[in-house]
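By letter and in written order, the chains are A, B, C and D; residue numbering begins at 1 in each of them.
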Amino acid sequence: GRQQNAASSPTNAPPGAPSGQQPFRVALIMSGSTTDHGWNQGAYEALKAVAKKLGLSDSQIAFKEQATSADSQLESLRAFASQGYNVVIGHGEEYEQPALRIAPEFPKTLFVISSGSQVATNVTPIVFKLEDGAYLEGMLAAGMSRSGIIGAVGADPIGPVKSVFSAYALGAKAINPKINVLQPLFTNDWDDVGKAKQATLSLIGRGADVIIQDLDNAAQGVFNAVEQSNRPGHPVYALGTNSDQNGNAPDVILASAPINLYPAFLNIIQAAKEGTFKPNATPYGLKSGVIGFVYNPKLEPKIPPALKQKIDAAKQKIIDGTLVIPKAG
Amino acid sequence: MSIVTGVLLGTLAETTPLLYTSLGETVAQRAGVINVGLEGILLASAFTASLTTYHIGNPYIGVGIGMLTGVAFALLFGFFALVLHADQVVTGVVFNLFALGITGTLYRFLFALHDKSLITAQLPLLHHTVTLLTPLALPAVALVWWWLYSTRSGLELRACGEQPLAADAAGISVRRTRAIALIFDGAMAGIAGAFLSVADSNTFVPNMSAGKGFIALAIVTAGRWNPIGCLVASLLFGFTNALQFQAQALGFDGLYRHIAAIFHLTTLLHRLNLDHFPYQLFLALPYLVTMLILFGSSRSTRAPAALGRPYRKE
Amino acid sequence: MNLARDTAGSKTPLVAPSPTISSVQMQQIAKRYGTTVALDAVDFELQAGEIHALLGENGAGKSTLMHVLSGMTQPDAGTVRINNVSVHIGSPREARRLGIAMVHQHFTLVPAFTVQENLALDADISLHTLRYRAEEAAKPALNQAAALGWQLDPHARVEDLPVGIQQRIEIAKALATNAQWLIFDEPTAVLIGEEIEELFRVLRALRDSGKGIVFITHKLPEVMAIADRVTVLRRGHKVATAPIHQVHPALLAQWMVGEAPATQRAPESHSISRPLHTKTPAFRAENLTVLGDKGEKVLENISFEVYPGEIFGVGGVDGNGQTELAETLVGLRSPQSGQLFWYEGAFQPGHSPRIGYIPQDRRRHGLALTMTVEENLLFEAVKEAKYRIGPFLRRAALHDLAETLIREFDIRTPSAKLPASALSGGNQQKIVVARALHHRAEWIVAVNPVRGLDINATQFVHTQLLNAKQRGASIVLISTDLDELAALADRTVILSNRQMHPIDLTQRDATQIGLLLGGAFTKEAP
Amino acid sequence: MSFSKSFPTKPKAIYHLLRFLSIAFLYIIGFLILLVATFAIFGVAPSKALFALQQGAFGGGSISPAYALSETLVRATPLLLTGLSIVVAWQAGMFSIGGDGQLLMGALTATVLAQLQQVVNPNLLILLMLVCGTLVGGLWGAIAGWLRVKRNVQEVISTIMLNYIALYLVGAAVVGPLQESSHSNPESNLLPDKLLFAHILPPSWSGGVTTRLHSGVFLAFLAVPIVWLYLYRTLPGFHLRLVGQNPDAARATGVLVDRIRVRAMAFSGALCGLAGVVQLLGTSERLSANFSPGWGYTAIPVALVGGLHPIGTLLSALFFGALEAGSVNAEQTLQVPASLIAIVQAAAVLAIIGVNAWRQHYPTELKD
């Protein structure tokens, strides 16, 4: 059995606040690679931008990517915290339990968990309302689908992915109650482009003509399958998630629902730097600008104005708070 | 596109790289060399093919460079295996690590650090279905078959894998023959790697080979060191692989729950968080099938007698 | 003949060519393996239009001499001339170009290949690399076989064929090359009566067509029947070369075996000769039938017994089932039928008798070359309870044992911790011998135990065997060296034709033994 | 007596030590050159890189030596156990690549048992997890051994297949019965503290920071003498090595070769199964679909660089552990990608096996 070491000395300063001599430092831990054109790259770039804005030098920010294994996730949190980083961001829900576990040992460190949900003395979640963007994408998908069948491909059915896919289905139903949203396919591999492509082709084979994906690195396989199946008279479209992927396959991606982490990161890091941050579970959605929805300019003209109006209206309602999209589960 | 064609195309996409790789490895193993470093060759050639296509714009040249990359790796492997007589399995394992490192690093330094994405031109599709490489795999099977069984050099090659001493007595250079086989092995794995990045997709992603090199090794064994056997085994593998998505898609899950209900297992399965069929078990299917083939076939056939054994003259 | 090409590269200019008779001349050929002198300045000449028999005991150097000629082995010294042109034969391929082909004693066939493929592999190397058909490539050889009356199934796998057929393939292969110089290394060892006649007809026809043929055999009647000239080698030296009409089997046998070895006999071994019939045998084999690796019968229905304190000698030319017999006698091979007894109970290796085994092929079955000398000495000892505490080895005791053995058996090694591969062949053999003899084995099976040992070491091993005998062990000594059997064995049998043939070595003379060895006794006992 | 015995050997021992040191020195120099060259090629200042490596592995700058060294030890632990597993299998002539699968099966078994945490005494449960995880790992290895001796399926191939099957079994388990309570991630719940290995280094030793050094590290180090004893001091170990060096000779002395092979694979698998449990209870604290970052594969170069000897493997695992700890630090502070470290590792190992093979094939040493 293991005795957790209690906090060495209770502190009054808010977590993450810079202490006297040490410079203020921020670390970001990701399970994937910083070049995935998706979830991880977005965080990587956001932190760089925040650093620039706050005047943090290169030595004041640190990254750990591809912390895929359970032990490296836990280890990275511990390593950065023990080196005195003021803010340690675990970019993904998978960091939440480990962070909650070790947080008491590092009371001066603020742990930020992307996609998390629980609040503790020095652990704060960034609650993403990924559903906001996915809902609008679902509406777009249903509106653009000619076959009345749409699909989704993911790597693993993890929480955020399930939320995205369920909001996508809800949005689609809002436009076309009879739309057939095929059960999402999972490839179990965030890197295997070929598998993503095959899964997509099999959805298209069953009649789906709009596909959403949540695959990071392997997303290119989905786009490639859609590009390959897209032909005049029988258009097939894809949707981008987590970052603005419109440029990755400009002929077939209708829109993307990017996560713009910059405002969220800036909020938290700035407050922490100033010593004023209190952990909270503020949701970040369309309203905060963290979740976005961008049409692909190249395909935008093809979208019927009526559909666009409906989507815009829904967007407004979400921002107003009159429409709340539930999380999956 | 119907479900049948979906399965078919999925099968072909998965089969093609496996077939090329296993054909090359069949030749190498027939000559007595086992190359466990195929995974690394796939990755390295996928990268160079993509890189070349990115800069030159012509995916055919990309495939050519992918092939050359495979050959370069094979020659390096040959230096260790045939000149130094190092253990072939270890050398192969380390080559995989090496390729993983070198491609990941180069990708990072050439692209990621400059915020460029490696999206390239792609081999054109024939009739909106497959690229040239897929139908070309069939003549490749025939070619290897013809080479191994109908040419003098194929005969010599097989002799080197079975009984190098006899080959030597017949005036054949065992080392040279094995080197040629390795070069072919590398070239074929190179094509397969290029297939992954410039035919089956239009990008390179670190670690995109995702274990195909290891599966190709198993296919060589399951296919009984015979090109036709490789064709059958890789088709089977490709098919189970493609089927897994169709099964997911076709509501296998519903069937699963239906059966569970018949046996009054629904509550139990719910308690076990098994409301849905764990799709990972589908993913394991091809490997299980391969194991079964290995289990069933290996009594009647044998590996080339001198497989993996360095041959030292006197 | 395409000698022109090679003449250009040769260093020696043509010297006194004799234009009428073409010939191959091997001069002062020497070859050593470690300290084994396989060939010591041997001269040999082969003329076109003759069948030249090459005779000698096992290990006399016959194969090595012919390997030099066929490019398989490079000599340490000496020259080869063809038609008085000095040639360098660096590889089998070069030999082939010079018109030399060899039928090897140890087959150079690919077991997993079909007959046709094997023939094609060796077929004319100028055949096109790509456009080629195995049937065509194999045809000349198959035709040769057919001319001999041998119907070879081109699609049969070689490993499924009996050795006799494999031998035919080797012969057909060589004949198909149209070589001017043909070497047959014991081609008749595995052929039977009529087949041999067929082969002889072919050989004579080839000779008459002007080819030069070397014919290696242990069988004297064959030499008398077919050879024009005969050369005898003994321990790497040439004894004599003579036209066949100047020799007779007895003379040849004498040349082969040399002077009577009775003088070397250890006298004390005589003194303990005992009336065997007064004791009960320790080991008894009844109607033993043993199969070889290919499922062929190598021993059929043999019965014999070995008494305590006896050395039972088994002689004969290599390849007559010695290995299989030895393996059966130590329990590594189960007999197809028949029973083995140890005293009154069943023979149960691992249980009843304590076994000492000196296998035929020490590198393959006797040693783990990468393990240390000490470990190699202890293969048997570690199993004994007194050298263990539970599963743990008693290192000190084992180490002492190893050191004792190294001293006792005079194993020359700088350290017991050296890998066995660092030792000379002779010293490696001593490890195997030490292991088999030290632990008071009651049942000892030794196959060529002094192979590769020098005179002193040989004497030593023999003394050890005699000591073992004296303390009551039962010993089967399988040896191709009749001197050794004569010196040590109380009774001797010769293995041939799947049977044991008892012979009396005490009243022997060299001639008789040579004849027996040569298989003469089966048909025309003297 | 003993004096006179040891006297002549003394200069020899010094000679051997010097020879060993000079060879080791050569390897180290070669390795450093490789390292510097690789960093230089990719534009990372070698001096900074070397410092970052050293800092991560041994401490310095902002990292206390105790912390860095404990990281080195913790990272060496799975490599040591799996490396020993390779030593056992390969010494028996079984070229197993199955470390990862066996390790996963061990961890999976332990996680299943962890579900009993409410009913079983925690210390008992830990013991149970260690024992059962080890056994199941052994079983997974024995399957490959059995396939080899009964069906002549090459273990190189079957172990790779078994790796994948284990991987997907774990994958299915962590989205199924073993999934964490929120049913959101492909991983199990964190194990409760009471089931984890204790952290053994007092924080005061490492600058007030808790290190990951856990009691499971002892198990790995304990395995070294056990494997060593087994291989070099027991009868079964003797037979195992004999079978690996020359199965024909083993058979000729009456050893049951098939049985030894299966047993070796089982032992080898057991060590990996143990590694799985040790990682689970020591550092990972939960099972996940990506539980192993490839420990079972890295084990092969680890064992090989260690000369397929338990002591050598200990040193080699420490070397790899230090390299990993250092490179993770370099990655985090200099943003050197982890893949660069893979190149360095591969190149170093290739150099070592190349030199070894060359020395074996073209022996130049003369005996005095």
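Heads up, the rule we're going with is that a contact is a pair of C-beta atoms (placed from the backbone, for glycine too) under 8 Å apart; a residue touches a chain by one contact, two chains touch by 3 or more.
Predicted model, so just to flag it, every value in this text is computed and none were measured.
> Using the touch rule stated at the top, which two chains are linked by the largest number of C-beta contacts?
If you count contacting C-beta pairs, the leading pair is B-D.
> I'd like to verify one number: the distance from the centre of chain B to the centre of chain C, where each centre is the average of its C-alpha atoms, in whole angstrom.
Those two chain centres are 47 Å apart.
> Rounded to a whole Å, what is the gap between the Cα centroids of chain A and chain C?
77
> Please compute the C-alpha centroid of chain B, do the same for chain D, then give the distance between them in whole Å.
From the centre of chain B to the centre of chain D is 28 Å.
> At which residue positions does chain B touch at least two other chains?
Those would be 108, 206, 280, 283, 302.
> Would you mind listing the residues of chain A that make contact with two or more other chains?
188
> Would you mind listing the residues of chain C that make contact with two or more other chains?
Residues of chain C touching two or more partner chains: there are none.
> What are the touching chain pairs in this one?
A-B, A-D, B-C, B-D, C-D
> Touching residues of chain D toward chain C in the complex: what are they?
229, 233-236, 238, 241-242, 245-246, 248-254, 367-368
> Any idea which chain A residues touch chain B in the complex?
33-35, 37, 182-183, 185-186, 188-189, 191-195, 197-199, 201-206, 217-218, 220-221, 224, 228-229, 231, 248
> Give every residue of chain D touching chain B within the complex, in rising order.
Interface residues on chain D, with respect to chain B: 42-43, 95, 97, 147, 151-154, 156-158, 160-162, 164-165, 167-169, 171-173, 175-177, 179, 183, 297-298, 300-301, 304, 337-347, 349-350, 353-354, 356-358, 360-361.
> Of all residues in chain A, which touch chain D in the complex?
The touching residues are 1-5, 8, 27, 59, 62-66, 68-72, 74-76, 78-80, 82-84, 93-94, 97-98, 101, 105, 156-160, 162, 188, 329.
> If you look only at chain B, which of its residues touch chain A in the complex?
Residues of chain B touching chain A: 1-3, 5-7, 9-10, 13-14, 17, 107-108, 111-112, 117, 119, 122, 125, 128, 196, 200-203, 205-208, 210, 241-242, 245-246, 248-249, 251, 253, 279-280, 283.
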